[in-house]
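We call the chains A, B and C, going by the order they appear; numbering starts again at 1 in every chain.
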Amino acid sequence: MGINFVPKEEKFFDYLNMQAENLLKAASFFKTAVKDGVLDEGEVRKMSDLEHEGDTLGHEITDMLNRTFITPIDREDIYTLSNGLDNVLDLLNAMAGRISLYKINPADEYFAQLVDLIDQSAAALAGAVKHMPDTKRQRRVLDYCIEVNRLENLGDSVREKAIGHLFETEKDPMAVIKWKEIYETAEGALDNCEHVAKLIESILVKHG
Amino acid sequence: MGINFVPKEEKFFDYLNMQAENLLKAASFFKTAVKDGVLDEGEVRKMSDLEHEGDTLGHEITDMLNRTFITPIDREDIYTLSNGLDNVLDLLNAMAGRISLYKINPADEYFAQLVDLIDQSAAALAGAVKHMPDTKRQRRVLDYCIEVNRLENLGDSVREKAIGHLFETEKDPMAVIKWKEIYETAEGALDNCEHVAKLIESILVKHG
Amino acid sequence: MGINFVPKEEKFFDYLNMQAENLLKAASFFKTAVKDGVLDEGEVRKMSDLEHEGDTLGHEITDMLNRTFITPIDREDIYTLSNGLDNVLDLLNAMAGRISLYKINPADEYFAQLVDLIDQSAAALAGAVKHMPDTKRQRRVLDYCIEVNRLENLGDSVREKAIGHLFETEKDPMAVIKWKEIYETAEGALDNCEHVAKLIESILVKHG
């Protein structure tokens, strides 16, 4: 398709962008999938496929880093950012695996709230990553990061209520162990979104 | 108050110092608050207020980093140090929240020991941060860091005993789940103190 | 013993190598020790001794970093690598401590698989660290890192099966709590091996 005049280094942002979009796709899919109270085999596999897609994008970024001399931001920051996005998707996929393994009905009010927060958080991260290369939009990138922090704080308080409710109403210790882990994994996904946001902030700080 | 002749970059240490002092304040307050076996609503709120104070200091440091060209140590190290202190305070506040949520009596011998170690560790961190800018006191800073490591090792062994005792004496699985989490969060706070100490060591190493 | 002509900076790799070999020694010892279904006091102490040996090597590396001006790779990367190897050994030692504390029979099929994966992973890390200084063997180093990632993925799926089986067959919540923690700590050790592998990859990336 002719010579590519786009400077090579911009490709890194393209790939980070694809990774963030893939994460958002997985979060939105998961949110819809758990709504009906059943996470069927096909849905679990779909989550696993999206996770592999994320892994592949991550490996492509690493390979590109190994072949490229000049990078738009520090090589290790690109690497850590890519890994951070990957960690969130890993936790989403782990949640799908646990729901299926524990054979539990995921139609739970608190869980739905947490999954919705993860979806919003993934959307904010995708927005932040998308605008990172645009040096005139740094304020907007920062706003997305602040939004991720806000969502993580909300998630903390939802998890708090969820676990309080769990101990008050659930008499079976096995069910408590299972749901506690699922709530905590959801909050862990939000935590990891916040780590990525903080990393993006620190990259802006470094180039500020 | 006249012109400020203190070079701008020293302000970073002032703010890190305020953050470390705020953490120490929270640790000491918590230690006293749990002693009587009740963590009342006002005490939980006070912990939450101190946590917000820590957050605000952290944000001020990030803003300062965004406005300042020259920093005394690497920008990302200031940022990571500030975040590390914040993580310890988050865990202290999480412990307060859990004790309140689980409606448990915090007057437990092992828990008191762990909370005391956190208080000592916060004091050592405050000492380390305070002396960081004084290039003649690097040995002292290192000694504080070693002290934090020592306290973390002690904490490991207290938590070990606590959990052993818990499984031997507590017959209610719900209570085991709750206390196990609280002991582990306390040990997690000590772990995070150690991370901060290791970060300070690594900053000294880099400038060594 | 005469003048040492080996350039000073190569010593860092010698020490990292010793640390990786010490980790492998501990992993292999642990694998053998748990096989007979009893982890006796002497074996627990041996694990603790190997962990202390690792700590000592880590401190020697930090001291060397404090005394050395020129390092073969970034000072903080040497430091983080040494810490990462230490974290894996800490978790191995923690597992030994828990098995002893919980008085459980470690002769469990899933646990044996996880411990075997840790042993293989430690061997791959030792291989990667050993070849790091040889600039002509970077491809081999990368292959070892990919192997560590592969083993971690296997570990994820073993832990998944282990926990599924646990909830299906074990009726005592206390035993579930104990074994769940042990399986998760084993998987945590594999995760930490992967962190070290990713760190090594990122060092290659930086110097690529």
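Definition applied: a contact is a pair of C-beta atoms (placed from the backbone, for glycine too) under 8 Å apart; a residue touches a chain by one contact, two chains touch by 3 or more.
Model, not experiment: these values are computed from the prediction.
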| Can you give the rotation angle that fits subunit A onto its twin subunit B by Cα atoms, in degrees and rounded to the nearest 5? | 120
| request: Examine where the copies subunit B and subunit C touch and state whether the two sides share over half of their residue numbers (same) or under half (different). | output: different
| Centre to centre, by mean C-alpha position, how many angstrom separate subunit B and subunit C? | 27
| task | Quick one: which residues in subunit A touch 2 or more of the other chains? | result | 173, 177
| task | Enumerate the contact residues on subunit C facing subunit B in the complex. | result | 62, 65-67, 75-76, 79-80, 83, 97, 101-102, 173-174, 177-178
| remark: In the complex, the residues of subunit C that touch subunit A are 160, 163-164, 167, 173, 176-177, 180, 198, 201-202, 204-206, 208
